[in-house]
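Each in structure tokens, the structures are laid out below.
One chain, chain A, links the two complexes that follow: it is found with chain B in the first and with chain C in the second.
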Partner chain A sequence: MAYSLIGKDFTPPDIRGKVTGKAKYAEDFSAAGMVYCKMLLSPMPHAQVSNIDVSDAMSMDGVVGVLTADDVPAMDGAAQAILTNTPRYVGAPILAVAAIDETTAADALEKIRYDIEPLDFVLDPLQSLYPGGTNAQAAGNVASMGIPLQEIKWTARDFASADPDQFPMTGKAVSEWSYGDLEKSFSEAAVVYDESFVTASNSHHSMEPRSAMSYWENGKCFLFGSSQSQSFMIPGLAAYIGIEPRDLVYIAEYCGGGFGSKGAAYPIMALPAHMSKKIGRPVMMRISRAEEYYLGSNRAGFQGRVKLGVASSGKVTAVDLYIVQSSGPHNGYPDFNSAAGAVSICYQPNAMQYRGIPILTNTPPGGAQRGPGQNQIAMVMEPLLDKAARELGIDRLEIRRINAPNNDTIFGGRQRAVTSAYQTEALNKGALAFNWERTKKRSGERNGSKVIGVGVGQAYHSAGAAGFDGLVRIAPDGRLHIHSGIGNLGTYSYAATSRVVAEVLQCKWENCVIERGDTRKHLPWNFGQFGSNTSFTMSRSNHAAAMDARQKLLEIAAAEFGGSVDEYDIGEETVFSKADATKRLSYAQAAQRAIDMGGKYAGHEIPDDLNPMTSASAKAIAGSGLIGVAKDNYALDATPPALAAGFMVIELDTETGRFEILDYNGVIDCGTVIHPLGLASQVKGGAVMGIGLATTERIVYDPQNGLAANVGFNQAKPPSYLDVPSTLGTDAVNIADPQNPMGIRGMGEPVMGCAASALICAISDALGGHYFNRTPIVPDMIINAIAERKQSHKPLQVYTF
Partner chain B sequence: MAKDMMTRFELYQPADIAGALELAGKLGPDGWLIAGGQDSLDWFKDRAKRPGAVVDLSRIESMRGIRETDSGLEIGALATVTEIEENTLIKSRYAVLADAASRVASPQIRNVGTIGGNVCQDTRCWYYRSGIDCYRAGGSTCYADTPEGMNREHCLFGADRCVAVSPSDLAPALVVLDASMVIQNKAGERTVSAQDFFIGPDTDIERMTVIEAGEILTAIRIPNTWAGARFYFEKVADRNTWDFALVNVAAAIQVENDIIQDIRIACGGVECVPRRMSVAEDIARGSAKNEETARLAAGSAARGAVPLNYNHFKISLLENLVLRAIRDS
Partner chain C sequence: MKDPTTYFPGDSLNEADPPGLSAFRSSRRAFIKGVIASGAVAASSGYLLSGCAPGEGPAAGSVERLISLNVNGRIRRVDVLPNETLAMTLRYKLGLTGTKLACDRGECGACTVVIDGMTNYSCSTLTHTVGSRSVRTIEGLEGPDGELHPIQQAFIDELGPQCGFCTPGQIMSTVVLLERNPKPTRDEARRALSGNLCRCGAYDHYLNSVMRAAEVI
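Now for the complex of A and B:
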């Protein structure tokens, strides 16, 4: 379908502020009388704090208040509190001091006297599962979203049944599903691999630390924060503050990176609100880089084992997957379950069994990071597929085509269908751009100490949701105001999806205003900006609101000129009679008519299926123009998938363990392309993050003391410009999805996993098929493998360099 | 625990070396000399070092600049790493130093970091840098050298209670160029060879160089000895920028008729000081410059290494880098 805006590049309205430095992030705000707070962070991985004496601190000049765990809401189960007297990781906030400047606050923290008793701590999930093993929380060692805090120990027999370097497969799981006849399907396999694996946990280290500023005014709490999402933040944040959602004014126009860690309300953001309430002054909490490490959450690490059966045809017959997740000390994020779903959809096994268990660890809290679970498991599974291809004599691209999901795919424990899937097309498109047939022949090519490795990788994430609201307004000046509560993660998808409204209403983009980033802009209830969902979800809600506005325009014209709505159409920002073009109202005139007519046209009457947040916003702008407002009730009976394929060629130096990426091509199957430049940025940025996930980024802990080895941004080692190719190829399948009115699906996460797994495969290829079953693959692992030395770490060891 | 907030201190900004020396003498252990600040500010912000007074050397003009002298070059200790990297004399005569400079940290850090600061910087052992009470910090434990210590980045040689390594990329280059370090104190000037400038824990566990309290490294002199020789520098780190070396190597080789007449090789990241590869040099000296010589010499590079639990990869890496230094220079 030919669109005038969808599929075209444009300049999102927030770019100018970003490149000129005028954009205001949370830390850039101030208010009269503002003070600064700093936190006392736990020096121990698990401890009990008591006898806090703040008298010396409070007597210091410039100190205005102290906030302790007693001043903030207690949390249920394994949930993380804003402040705690039972810190469960090094860096957990114990209390905060407010002072007229940060140096005074930091000095005051050193004057606070308290007793701190070290408690047993655990870093390695398998040690926690061992009979008598330590629990990261006194009340248990297992918890996750939807899984209550509990204690689970495996039996000594479970551990004894496996070789010490093998993952035990008989222990109790808390999450499991299966389909098909596993035994029969394995028996149909020509090759069966049974591999234990480790994927490391890594820190988010968002570029913008999660600073926040807050004050109270006329009974409302004003909070300036850093978040990916906007409307979705409100209920959780209000709960952390202890107020009704309607009493929270939340401002978050820009976000300097979140990658999943700022998708939903997080506890520390509420700290300045509590402090401000207590001391009666605005409070700025500037989060330092080190604090961002401790509070900014980690991608979960996996210890696991996978058994993969592949038939001589290359068809994956069976998968048996068990994942133990290192979750951090609180609920974390259920990466383990997402990983299992990804295996099912990407490889389409005839039978699959999945078991998983999230184990609490005394490391910084776990959180969703771009492709949480899907991207770790891609780095485990894709090399195994290569192994099968080599052994069966099948081309590595072909074995992926053979197993690729398509429109008939069903997957996961609930055997869900997909809205559409074109992974074969993604593979084909990427192979063409990469010149797979020619490039694969370079595999193993030697140039002195250097050797060529070629890899192809794939990844998946679900890509959309339904049921959220859209809200638009045509003002009497003819401008179209698009109210977007999705948030601004930095991908510009808030703007790209707003263009759906302009497209439907055939409105010039220059005449559109996006209302966003501030509760006071009267925003609808929208989903969070995470999980690769924005493009799908938000385009549906916006489409619904735009269609409502369109219908109202037609009705207003019919009321003005007579006849039925069928006799009217819209175009060039007017509504007109199809039979008599002189019967025409400009959008400005129609908006004034809507105000005059009142009722539903001006937003005084609204649908009763709207979320209360949307209803309140619609009522707030009622009477100011033509109001289009609707819930997304479009059908959705399957999972919209985002599928990606990445192709990479590297030159690995066998004498140093280092490699150079010579070429990369990433292709995404995301339905209709809504914003080509935004898409290209995602495919490239995802690849860069994937390169880090595969080869440099991990958190390291000293097992004796529970101390973090690589807190700093430089020690986290995200890839630099010099670690990635200067050009990265990007493309999309661009076939419309039937369950989105404009064919759009999301895409942000698998474009990371496909690059990460392509790189893992390329490294293994360069090493002649050496598989590490461990990520990231760091230079010392490569050097040891080439020198045929034993690796320093034990196969299932975690938190190592 | 990282605090990310400096304590208050008195700041002095002397305009000449005499003023700086007077301050350094007067302040004693409570004073801290700072140049580009790329090492110092980390310590201050973490509150792991809390000087009462900081002497900022950056206004001392006589410590700036790169000058040609009769016997070679004199580089002011305040010359930035970028200046080293871009200086045409250094690039044409002592390329190993320019190459090493180009691999230091990141462009931003090179723009402010100085050569003096680079060679005087403290070790990067993560336990020590976290402010923990280890031997080097005056305590009685090494946290890295334990059965479970995370010591991938620690030493192969010269452990003596402490297993930290020299983090500098410029130091091995200066060692192979046989540079002299010019140190001023109240009594006057003394010069120490780069080789002897760096000290291990067996000499003083709380210092990385011979500089005493009250002394200032003011300049570095590079003799003509190795001007125009064949050079090699390579740094292997996890990333191509903003990273410390797992191992680095610098070499200067004089070759006539394909025979190695003289050679100096030094490596960082394997010992608390830049490690001179004396045995490898002896093997190579007088031999044909070829793969066979390189392999023979490289085979000796790790002789005597005592790897820790997580760093035995450095043995292969060290051998390979010495191999490359001889073979590929």
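Now for the complex of A and C:
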């Protein structure tokens, strides 16, 4: 279908602020009388704090208040509190001091006396599973979202069942599913691989640290924060503050990067709100880079084992997967389950068994990071598929085509269908642009100490949800106001999905205003900018609201000129009679009629199925124009997938273990392309993050003291300009999805995993197919592999340099 | 209370540092030397935001000095503490919040400003060392009537930024690059901007922006 706006590039309204410095991030706000707070962070990975004496600190000039764990809500189960007397990781906030400036606050922290008793701590999940192993929390070592805090130990027999270098497969899991006849399917395989593996945790390190500022006015809490969502996080944030959602004014115009770490409400953001309430002054909490490392979450690490069976045809017959997840000390994020779903959809095994268990560790809290689970497991599975291809004499691209998900795909423990899937098309498009047939022949080509490696990688993430609300308003001046509560992560999809409204209402983009970034803009209940969902989810709810406004325009015209609504149409920001073009109302006139007619037209009557947040927002703007408001009730009976394929060629120096990426092409299957330049930017940015995930980034801990070894950017090694090619190729399949009114699906996460796994495969290819069993693959691992030396880490060891 | 971190169905250096980390840090010798030269004895709290509270005097005992700074073509009189960084002065004394702090230790370039035609990490520059040199920040690029600098326009046209937090620094590095080398190759641009980290990985689009700007300037 031809659209006038969808699929076209545009200038997002928030970009001017970014290039002029006028964009305001949380730390750029200030308020009269504002004071600053600093936190006392735990120096120990697990400890008990007692006998806190703040009297000397409070007697200092300029100190205005202290906030301790007693002042903030206690948490159930394994959940993380804002402040705690039982810190469970180095860097956990114990208390905070507010003062007229940060120097004074920091000096006051030195004057606080307290006792701190070290408790046993654990970094390695398998050690916590040993009989008698340490628990990261006194009450247990297992918890996750939806999995209550509990203690689980494996038996000595479980550990003895496997070779010491292998992951034991018999221990108790908390999450498991299977389908098909596993034994029979393995027996049908021509090759079976059985590999233990480790994928490292890595820090999010968003460029903008999660600073926040808060004050109270007339019983309402005003909070300026950094987040990937706007409406979706309000209930959680209000709960942390201890108020009703309606009493929270949340301002988040820009977010300086989140990558999953700022998706929903997070505890530390509520600290300045509590401090401000206690001392009666606005409070700014500036977060340093080191604090961001501790509080900004990290991707879960995996220890696991996978058994993969492939038939002589190249068809994957069976997979048996077990994952132990390193979750941090709190609920973390269920990467382990997502990883299993990704294996099922990407390789379509006839039979699959999955078991998983999330283990609490005394490391910084785990959180969702771009492709949580899917992207780690892509780096485990893709090179294994290559191993099968080599042994069976099948082209590595072809083996992926043979197993690629399509419209008939059923996957996961619940055997869900997909809305549509075109991974074969993505592979084909990428292969063409990359010139796979010619490039793959370069594999193993040598130039002195350098050798060429070629890789293709794939990744998956679900790409959308349903059931959220849309809210639009045509004002009496004729302008179209699109209320978006999705948040502003920096992908511009908040704006691209707003264009769906303009498209439906055939409104010029210049006449549209996006209302966002502030609760006071009367925003609807929307999902957030995470989980590759925005483009699918928000385009549906915006479409629903736009269709409601369209219907009301037609009804208003019918009421004005007579006849039925189907005698009218819209175009050029007017509603008109199809038979008599002189019977025409401009949108401005129609908006005024809506106000005069009242009722549903002006938003006084609204549907019953709206979320209370949307209802309140609709009521607040009722009577100010023509109101379109609706819940997304469009059918959704399957999982919308985002699937990606990446192609990479590298030149690896066998003397240094370093490599240069010579070419990369990434292709995404995400339905209709809504914003080409934005899509290209995501595919490329995802590739850059994927390169870091595959080869440089991991968090490292000193096993003796539980101290973090790589807190800053310099040691955490996110890729710089010089680590990646200066030009990256991108494309999209661009076939409409049937379960989105405009055919759109999301795409943000697999574009990282496909690049990460393509790079792992390219390194492996350069070394003749060596399987590393561990990510990231760092130069010393490559050198050891080339020299056929033992690696410096033990096979299942975690948090290693 | 229950964990308010709502499940979202995807699929279903400073005193804050704990002890023991110093071994992993890179040296910041020049910065420390600057602190010593400026007369500040205690450098440990150099990163902190001090003496900025409205209506409050600076911390007792500090060596306060009223100085003139040439920022974006204007002379600004400002109270500056001996251990105050230029990023702090710009952001919290002069209200120029376009200069961002992302690491505060010279690792990322988000705080890049131009001093006498040279890129400079303002987080690692003591304000007292600036003297009479001219400082240019992101706020100084727009024309008198708010028209965008061609570099800014190019960054818009190529959709350079993603989250935007590193963008002012990227643009200031581009300003210096194109003043010195108006027609850089893509590889020269890449090297010139390599001191500016972008976690979104928007490097390719930033380089497209630089190359477009080079065409129109």
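The definition used in the following text is that the second predicted complex is superposed on the first by the 801 of 801 C-alpha atoms of A that agree within 3 Å, B and C clash if a C-alpha of one lies under 4 Å from a C-alpha of the other, contacts with A are read in each partner's own complex, and residues count from 1 in each chain.
One rule holds in what follows: a contact is a pair of C-beta atoms (placed from the backbone, for glycine too) under 8 Å apart; a residue touches a chain by one contact, two chains touch by 3 or more.
From a predicted model like this one, the values you see are computed outputs, not experimental measurements.
Trainee: Contacts for A:G685 in the overlay, against chain B (first) and chain C (second): which applies, first, second, both or neither?
Mentor: Touch partner of A:G685: chain C, not chain B.
Trainee: Just checking: does A:R658 make contact with chain B only, chain C only, both, or neither of them? Give me first, second, both or neither.
Mentor: In the superposed model, A:R658 contacts chain B only, not chain C.
Trainee: Could you tell me if A:P349 is touching chain B, chain C, both of them or neither one (first, second, both, neither)?
Mentor: neither
Trainee: After the superposition on A, what does A:H793 contact: first (chain B), second (chain C), both or neither?
Mentor: In the superposition, A:H793 touches chain B alone.
Trainee: Under the stated touch criterion, which partner chain does A:P364 make contact with: chain B (first), chain C (second), both, or neither?
Mentor: In the superposed model, A:P364 contacts neither chain B nor chain C.
Trainee: According to the stated criteria, A:K717 is in contact with first (chain B), second (chain C), both, or neither; which is it?
Mentor: Once the two structures are laid over each other on A, A:K717 reaches chain B alone.
Trainee: Touch test for A:D702: chain B only (first), chain C only (second), both, or neither?
Mentor: In the superposed model, A:D702 contacts both chain B and chain C.
Trainee: Which holds for A:P779: it touches chain B only (first), chain C only (second), both, or neither?
Mentor: After superposing on A, A:P779 lies in contact with chain B but is clear of chain C.
Trainee: Between chain B and chain C, pick out the one touching the greater number of residues of chain A.
Mentor: The partner making contact with more of chain A's residues is C.
Trainee: Figure out whether A:G646 sits in contact with chain B (first) or chain C (second), or with both, or with neither.
Mentor: After superposition on chain A, A:G646 lies in contact with neither partner.
Trainee: Which positions of chain A sit in both the chain B and the chain C interface?
Mentor: On chain A, the overlap between the chain B and chain C contacts is residues 38, 41, 43, 90-91, 102-103, 106-107, 109, 288-291, 702, 705, 707, 709-711, 714-715, 719-722.
Trainee: Please give the residue numbers of chain A that touch chain B in the complex, ascending.
Mentor: Per the touch definition, chain A meets chain B at residues 38, 41, 43, 90-91, 102-103, 105-107, 109, 288-291, 449, 655-658, 696, 700-705, 707, 709-711, 714-715, 717, 719-723, 778-781, 783-784, 786-787, 789, 792-793, 800-801.
Trainee: What residues on chain C touch chain A, complex-wise?
Mentor: Interface residues on chain C, with respect to chain A: 1-21, 24-26, 45, 47-54, 56, 59-60, 91, 96-105, 107-108, 110, 137-139, 141-142, 148, 152, 155-156, 158-168, 171, 186-187, 189-191, 193-194, 196-205, 207.
Trainee: Which of the residues in chain B end up touching chain A in this complex?
Mentor: Listed in rising order, the residues are 1-8, 46-47, 106, 126-127, 130, 132, 143, 146, 148-150, 152-153, 234, 236, 238-243, 246, 309-314, 316-317, 320-321, 323-324.
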